[in-house]
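Just passing along the structure, written as structure tokens.
Each chain carries a letter (A, B, C and D) given by its place in the written order, and its residues are counted from 1.
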Amino acid sequence: MIKVGIIGGAGYTAGELLRILLYHPQTEIIFVHSSSNAGNTVSDVHVDLLGDTGLKFTSTMPLSDVDVIFLCMGHGKSKEFIEKNELPGRLKVVDLSHDFRLKREGNEFVYGLPELNREEIKTAKKIANPGCFATGIQLALLPLAAGNLLVDEVHVQAITGSTGAGQKPTETSHFSWRNSNLSAYKIFEHQHQGEILQSLGQLQPGFSNGFNFVPIRGTHTRGIFVSAYTKFEGPLEEANELYQAFYIGHPFVVLSEKNPSLKQVVNTNKAVLYLEKHHDKLVIISLTDNLIKGASGQAVQNMNLMFGLDEKAGLNLKPVAF
Amino acid sequence: MIKVGIIGGAGYTAGELLRILLYHPQTEIIFVHSSSNAGNTVSDVHVDLLGDTGLKFTSTMPLSDVDVIFLCMGHGKSKEFIEKNELPGRLKVVDLSHDFRLKREGNEFVYGLPELNREEIKTAKKIANPGCFATGIQLALLPLAAGNLLVDEVHVQAITGSTGAGQKPTETSHFSWRNSNLSAYKIFEHQHQGEILQSLGQLQPGFSNGFNFVPIRGTHTRGIFVSAYTKFEGPLEEANELYQAFYIGHPFVVLSEKNPSLKQVVNTNKAVLYLEKHHDKLVIISLTDNLIKGASGQAVQNMNLMFGLDEKAGLNLKPVAF
Amino acid sequence: MIKVGIIGGAGYTAGELLRILLYHPQTEIIFVHSSSNAGNTVSDVHVDLLGDTGLKFTSTMPLSDVDVIFLCMGHGKSKEFIEKNELPGRLKVVDLSHDFRLKREGNEFVYGLPELNREEIKTAKKIANPGCFATGIQLALLPLAAGNLLVDEVHVQAITGSTGAGQKPTETSHFSWRNSNLSAYKIFEHQHQGEILQSLGQLQPGFSNGFNFVPIRGTHTRGIFVSAYTKFEGPLEEANELYQAFYIGHPFVVLSEKNPSLKQVVNTNKAVLYLEKHHDKLVIISLTDNLIKGASGQAVQNMNLMFGLDEKAGLNLKPVAF
Amino acid sequence: MIKVGIIGGAGYTAGELLRILLYHPQTEIIFVHSSSNAGNTVSDVHVDLLGDTGLKFTSTMPLSDVDVIFLCMGHGKSKEFIEKNELPGRLKVVDLSHDFRLKREGNEFVYGLPELNREEIKTAKKIANPGCFATGIQLALLPLAAGNLLVDEVHVQAITGSTGAGQKPTETSHFSWRNSNLSAYKIFEHQHQGEILQSLGQLQPGFSNGFNFVPIRGTHTRGIFVSAYTKFEGPLEEANELYQAFYIGHPFVVLSEKNPSLKQVVNTNKAVLYLEKHHDKLVIISLTDNLIKGASGQAVQNMNLMFGLDEKAGLNLKPVAF
């Protein structure tokens, strides 16, 4: 059994991790740290876990008792944590913040998108888990980059559920405001663009065409709906073959022959992709659950790879479907 | 033109008042006071009014320039306001808080439910506008009380939209929590019970049978769905006639022959009632929009009555329907 | 491995069964019969299963190849099926329709509510799986009936998700109509009352006090929110002990100390109960997922019991939570 | 008073027309024709109008008794109607279908987008009311076309409410399917592209750059959220001035300085526009209510212009806001 510690246990991504790991056949949760909730039972905060676990939040982090820790704190906090704590040599780390996603001198974290970096992840000690938008968008574009086929501007629009914004109440997360509402934000300036461009450049060195991205707040809680398009000369069949070939052996990416809808992936670790060709453009629809494939499910997928487990262990999740 | 001042102009009920009064044919808005927003344009806060008005929030309250003020501050604040300010003798007041709804020594406010107290309202100077749950529930039960027909316990269940809880972000108003969710609260202990029992007792003196009330938070923004039932000996026809007779001449209460649904009243000042008889019970469905008939629309209805205008002036609102 | 056949494979309850059984550790799905979809892949209809299974719907029902069949056809169709087909002697049957829920001469089906009839279910060959409202309401009331404590009228109000009404498009399932809407239906006359009263009478023979039930269509897809109350003399502690004692050893029923909300159970087989005492009334909140504990999850729970498996096998489902 | 007849009275757009015209100060509804509902009261179908009108649907169309008719039938039916019926010479027609939107030999209808064709509309006898997507998208782009500034491909993405698809129940309008769901459809091939390109070409003759349009089904009932962008050389101020100048005197188009959200326009005839500049791109957000500015409200706006009334008559609608 892999022994697991969770740090920052009261937030959304920690809740999802717990929901997954409690029934993962090869993990044991040793501690769930939360400074604000220390001593309370985990199901006091993640109330849907009532009856599933009697775990309590801890104020201590017995790092030498675990094989892996998941960092589920706010952005900026992971960096602080890594700087302040001396980690046991054998301890693996999966960080769900954006602190270590961008390559730079001294950053030892591997960018944890298994469909891009599976082999590196298997031997990594530290993983920077991708952002939710970044996951859905990269999966839509990676096969093109791998074929050096991003030859013109890329146009991306993505609609996210409210859980992507975390659990702190704000004006735009107020039910009275958000219900039946839509709004764009950080137009062309979303912070995930950095990691997306980094990955595209990894596969297609020198990629520097325009990347146009309109993020939209949707009136749903879970899931990211990406529609993207760019110039593509070949016929649809060629594109489908390209995507099929790129994702062969990647169990969570599914190419749909029919135009899909977002709820097909909600509460699963899957990404569903769908292609259409119009004029000179290839249109790609990409669907993911922002809290699972876009966060905690992918973190578990990375853990599975790091410890040599079946990539799908613990991730055969029942879709919510409705 | 009736000259209007609004105090506490940044909240939900003030917003609804503005949406109604801006196009009321016989009112002119002289000032909208908000200490926190003084100097800002009204449409900065009530953004749907962009293009409808260039009004700005004021820090002053020129009470002698207006004929009527609407108090839209939090509960408790109206009492403070009345105590601190000397009101010009001719100024009328409509208070939307619960501060003056209950009769007690020295309380000069008339309880502003037109279907109960229309004649008193016409000559009143100060109106305590009813609570939202209280409005929907009283309209369901008043005809029975008027006939001394509340002879057994009354059972009431009501589902409210999120706007009933105001605009302050809280855990239970967070979209991620509330969307597709339901929860009961203040079971058998809701603060509106006082005014409901007061009105029932006004019509049926000595009413003291049990009043059982389960309030429920719904996953919608606007509207209160009340289902109520109590013992009733006669046939359905008798009940329908009783209700028809009681509400004759009250333009906003409509008796439906068909089982109705909540959206029939959303964005209107109407209350739709519907009756069924089963065994020895009369079941009453009562539908209202909590922000309009349950708050700001009723406040305008009261103003219309106080100034001798057509009761419906400014209140022929387009239903949202969908 | 238990070999499973599903009949009526295209509907909502069959879809949920598939979502659960595909990852059940001790079952193998041998066939999924659908006359209208024979030959199509299962994931063409249950599109969220794309990538999870390559199963196709069959036009044949090889009954002798399986250990158990689940009947997921419309109400009335199960009776027809049982009359027309000679079932192999060893074949077990779980029927999700209401055809065999009521006891009558010649009805060999055991009513499959494990918290009521677990021992009988273990040795049964044929199970009538309870209705969704019936499950949530019975779990709220059984401990009282078991103590002969239903001494006065029972008041029940339940709000159901849209999936309870099946997948046939109707006026009241149209998104434009139902979104943000609420409506009551079959007031005091819902067809599940029969099975509820049957079970209450099983534990409290002679129970004949009034049963008042208002079913409501909610604006959500999954889950039933029940609020019920009746006279109860003792203090809250006594009620909590009574419920705790009754459900001890029943792994899916959880008593909450805090006022819960519906989403705590969505996408799980759990029922969360919560009690409050007011005046002379005990109030019970009961939360279930209508498609899981109220249908397909309970069907699997029954199968587990019939075959001597762990009652929770395959039912450790990740809650959707949001 | 303008005397009005409505043909095809049972559908969504007719319902909206009725909701608006019943309280329009200068119109009188003479008949509402519906072959399927003849004899029934209008509020049996448009149930939110209960208490507002006692009108009944007619089986006859007394065309000589009215000044204007609104054609609210399905697409294709208006053409049939015009061919089959001889219209009185003085009768004006507003057609809400797409039958006459495209210019062609013999088409006498004026395309009824007041912000494009106001002068022509004033003297027109027959109006082809624009499509809902077409309205929102054109309002986003017309000022650029008017300045010959569409110099590169145009990228448009629009999310529509469910009422845009009409009231016939379908798989994608089923609440269980659509709630919390998102899906693209008719990608790059939506039927409204024709009228959009026609209008852009009217202002910028020879416009033939690519028009890329991804329509998306949202999980809301009312409103179209458009995000569009294209190359624009100048600074943001220049764009804002251009839009301000183009829409000066058009009372329903409002330029927002702040990033707006869809509900600002729901239940109104307004279009809210908002601009941002990034790199070489101008991004335009355009918000409209598909049933009002995108259909029946615009139809009334056209009627007002045709009869020389105030363009806003009857259209000072209370926003739903929440």
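In this text, a contact is a pair of C-beta atoms (placed from the backbone, for glycine too) under 8 Å apart; a residue touches a chain by one contact, two chains touch by 3 or more.
Just so it is clear, the model here is predicted, and its values are computed rather than measured.
Of the two chain pairs shown, A-C and C-D, the one joined by more C-beta contacts is A-C. At the far end from chain C, in terms of centres built from Cα atoms, lies D. If you average the CA atoms of chain C and of chain D, the two centres end up 46 Å from each other. Centroids built from CA atoms put chain C at 34 Å from chain A.
Residue positions of chain C touching 2 or more other chains: 12, 161-163, 176-177, 179-180, 220-222, 260-261, 263, 266, 322.
The touching residues of chain A, when paired with chain C in their complex, are 12, 15-16, 19-20, 22-23, 44, 46-52, 161-163, 179-180, 221-222, 251-252, 254, 256, 258, 260-261, 263-268, 270, 272, 291, 316-322.
Residues 12, 161-163, 167, 169-171, 173-180, 220-221 of chain C are the ones that touch chain D when the two sit in their complex. Interface residues of chain A facing chain D in the complex, by the touch rule stated above, are 155, 157, 159, 176-177, 179-185, 187-189, 210, 212, 214, 216, 218-223, 225, 227, 229, 259-263, 266, 276, 278-279, 281, 283, 285, 322.
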